[in-house]
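Chain nomenclature is as follows: A, B and C, assigned in order of appearance, with residue numbering initiated at 1 for each chain independently.
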Amino acid sequence: MSDYETVIGLETHAELNTKTKIFCGCKNEFGSEANSNVCPVCLGLPGALPVLNEKVVEYAVKMGLALNCTINSVSALARKNYFYPDLPKAYQISQSYLPLCVNGYVEFLYNGSISRVRINRIHIEEDAGKLVHSENGEDKTYIDFNRCGVPLIEIVSEPDIHSSGEAVAYLKTLKSILRYLDICDCKMQEGSIRCDVNVSHNRKGGPLGTRCEMKNVNSFSAVGRAIEFEIKRQKQLLADGSSIVQQTRRWDDIMGRSFVMRTKENADDYRYFQEPDIPPFEVSKQKIEELSALIPQLPNIKIIRYVTELGISVKDAEFIADNIELSAFFDECVVSARHRPKSYCDWIMGELVKYLNSHSISFGQTRLTVGGLNDMLDAIANGIISNSAAKKVFEVLLEDQKSVDEIINELGLAQLNDISQLEVIAEQVLSSNEKSVQDYKSGKTNALGYLVGQCMKVSNGKADPVRMKEILLSYLML
Amino acid sequence: MQLYEMTLHQLSEMLADKLISSKELTQSVLERIQSLDSKLNAFITVDSNGALKQAESVDNKRLKGDSLCVIAGIPIGLKDNICLKNMRTTCGSKMLENYISPYNATVAQKLLAADAVIVGKLNMDEFAMGSSTENSYFGVTRNPYDITKVAGGSSGGCAAAVSCGEVIAALGSDTGGSVRQPASFCGVVGLKPTYGSVSRYGLVAFASSLDQIGPVCKCVKDTAIMYSAIVGGDKLDMTSQNKEYPNFEVGQKDLKGLRIGLPVDMYENITEPDVLERFENAIRLLEKNGARIRRISIAETGYALPAYYVISSAEASSNLARFDGVRYGFRAQNIQSIDELFVKTRSQGFGDECKRRIMLGTSVLSEGYYDEYYSKAVKAAKMMTHNVKQLFESVDIIATPTCAETAFDIGKKVDDPVKMYNSDIFTVLANLTGVPAISVPCGCAGNGLPVGIQLMADSFCEQTLFDAAYWLESLVNAPERGCEDV
Amino acid sequence: MKIDVKRAAQLSKLNISDNKAKSFEKQMNDIAQMISVLSQINNDISDTDERRAELRADQPHEQSLSQQQIMQNAPAFSNGVFCVPKTVD
């Protein structure tokens, strides 16, 4: 119905969890007492000079490889010049002309199909300090420079995103990849991952419209809301016959709208030039190979595989893939091929999640093994234990290193599935529950459930309820 | 002869032989400062107590029999853009009038570790921008040879102090000639080392790709000693080069066959005939004693001054942006907004020359101008680096006068920046190409003012440079080492 | 090249008084004239930087500043934070 389409590009900043800052040996730590992790370099004192941290380059290269980028063998830093109280040198050391990673892409499942968003570049830069505005009418702003110099990677997407939902899916994908690579703790509430959003609107098949940038979008859901608002705003302007002015807007999540920050006319001229204090640096082919070998199969790829090849639901696939240890476990199970992927998935999403939540622990803290789970599923399939007994076995497998057989014996969970014994129980129960028999024969089908229950009682829960039911039915049919 | 008149190497021997104490030597120098500096204004900060205490402690070490470095106990001055803990580092500016660095520059650290006695901080053009020290917030430094003349800049304080014995040696900084030109004006020796051979950590940056700290001394031998004390790679400075640097010694007085190139097409820039005369006299002496002189042409030097001013202003505009009144330094009063904080602080804190260079630098980096000016300046510098490197395949030394003129009158050029910039015509090439260059006195002009000869060698060839300079110094009728009466 | 003194001052956070502005304008344009020769340089000339940096290991240092060291030079510092007029985003 609409002959217009929305085009969205995202610039995502992620704080790297290196031990020290990007240009000095100050600790890279969140939550320290204000201005306690600063030195001449990150405070911008006269005469101080930056020294680049090799780990920052490594982490950025890993992300570049994970996003299928070309890693530039020679890369250089640049100064981005502007004045702001949280920027001690009045320039940010970033990258301009020769970024570390270029021309990549990321694929993820969205709305039932595989989305592909191209990555324009990934570059390294330093973070600025933190401003806190006083509330008590004092007209002052306070600055903490602990965060100044914390290493950032900026991931710039091409404008390949077309809806707010897709944007959020893209961001979630980046977040899960960063967690898998263990290079960012991704705590949006601590600011370790941030996003600027660019939105434009154009006639389908026509040239790209003027884009507007939105800043201060502080959560994934806020990204969704900000985009929706911006789409509406642009649509309205175009419908009125007005043109879109290129501008930067500030998103206010509480008010649910954005405000103009600056237009192109009064935009800063950043006067980028190559950082003279840091010569260009090299990333060798060998280093790239070494880092490449450290990258596991990534969560976005796993989700696609789980859903399209293994028939797992999207929600379950996302959950499993989000946790690197859990998905490694799941993958091993699937490789063992002793049971259907869905069976593994059901136990993970059911009993395992329940256990992890109630005990507030992570999967890595349990003792569950692939062999154990497989043996347990075997026992169920062979009728040795019932489903409900299996739950008890499962709990022990999570906590102990015992074998399934040991557990079944110790807890006396072995099901009774000897036909002759079950027939004895059936006859006993049927003969002492005349009324229920009559109820069933007269059409009350839930009387069967009652009879099965009675058999379970008589057998102290050991009877195989499925077989019990079959046997009762065969008697009742006579 | 007074102690303050002697050279570093002479004094070092006397200290080692215990013929004098560092305390006596330091006292001699402090008294000299006391009697002269109100006239000369070479110093911004003098730390008499600290210096004497340090001198005494060195004397004690020597008495105990500790083995000490060559420069132990020698009174030295630092240009006031080199950070030293617990003393002001003002950079000749109101902006840092009361700034006290919490850390030592690497070179200062080295001097302290070698037990040198740091007497105080020396006057300079504000943030090293200038060629006369007239741009200092703390007033001009006068030339000891003639107090109506400038001492040169931006390391005017260093050159004047060494010249008249207020210190035995000094460390200045050189971005476009700031060590060599004042050395030439004041009749002393000044070295701009190979870029990257001396750490810049703790040198308040002016133009990051051009700045180098260099010694100002009474003679070439002293200069080699001081350079040896500060040379070396530094993990705190990524532009410094980690190489094996030897202890630089001088001794060879005979360098028959030394190939010296003269870029004669640059001589049209010499404005005083006496300068050319003294220079050519020195060259003739060298030739008479076996040097092989040849005329050369350094291609495209017409771009040197423009490229220098574009690159240095661009980097300076960025390096000086951190002076915003937020974390240290001067902060303007009566400010109602953050923008006022920035604008008032910077407008009141910086002098005119700084403002001019900052605005020039901002302009050449701006959208629309970057490609035409900054980018081309960088290309020009690369071109000249290549040209000079090629020349050094056929010559060992390139010689020019250090300056086109002798020390000019105080106040003469202040209103004409382009005229002032032209002073740097011979010196900027070494900064743009990174090669080392030294200025050695080669006599006085008819007006009684010193003339300097500049020698350049290929990168990391300081030994060749020292050898040639030492030889030259021994042949030339050098003026009295420095100036006795002021 | 004509230097826009007003724009340059704005970007550099400098205020040039009206009476200074005129002389600045002249001086800066004299300088601009001097540097204009650079536009003749051929764009084909390489400006690649051949140096290569040596990176540092991700290890903490001992150079953290104490509150006292910060306070020694800070124009406005109390309760552990620097203080400036309210900054509107």
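The criterion applied here is as follows: a residue touches a chain if its C-beta (ideal position, glycine included) is under 8 Å from a C-beta of that chain, and two chains touch if they have at least 3 such contacts.
A quick note: this is a predicted structure, and the numbers were derived from the prediction, not measured.
Taking the mean of all protein C-alpha atoms as the reference point, the chain centroid lying nearest to it belongs to C. In terms of C-beta pairs in contact, B-C outnumbers the other of B-C and A-B.
Here the CA centre of subunit A is 41 Å from the CA centre of subunit C. If you average the Cα atoms of subunit B and of subunit C, the two centres end up 23 Å apart. Centre to centre, using the average C-alpha position, subunit A and subunit B are separated by 58 Å.
Counting partners per residue, subunit C has 11, 13, 51, 53, 56, 63, 65, 70, 82, 84-87 as the residues that reach two or more other chains. Shared interface positions of subunit A, i.e. residues touching 2 or more other chains, are given as 40, 43, 51-52, 83, 85, 141, 143, 145, 269, 271, 278-279. Looking at subunit B, residues 99, 102-103, 235, 238-239, 317, 321, 324, 326-328, 338, 342, 362, 366 sit in touch with two or more other chains.
Those residues of subunit B that touch subunit C in the shared complex are 98-100, 102-103, 235, 238-239, 242, 302-303, 305-307, 309-310, 317, 321, 324-331, 335-344, 346-347, 350, 352, 355-356, 358-360, 362-364, 366, 369, 372-373, 375-380, 382-383, 417-418, 421. Listing the residues of subunit C that touch subunit A in their complex gives 11, 13, 49, 51-53, 55-61, 63-65, 67, 70, 80-87, 89.
Put simply, subunit C touches subunit B in their complex at residues 1, 3-5, 7-9, 11-16, 20, 24, 27-28, 30-32, 34-39, 41-43, 45-48, 51, 53-54, 56, 63, 65, 69-70, 72-76, 82, 84-88. Touching subunit A in their complex are the following residues of subunit B: 81-83, 89, 91, 96, 99, 101-103, 105, 200-205, 207-209, 235-239, 314-315, 317-318, 321-322, 324, 326-328, 338, 342, 362, 365-367, 370, 374. Considering their complex, residues 18-20, 24-27, 33-41, 43, 51-57, 74, 76, 83-85, 131-134, 138-145, 216, 250, 261, 268-269, 271, 274, 278-282 of subunit A touch subunit C.
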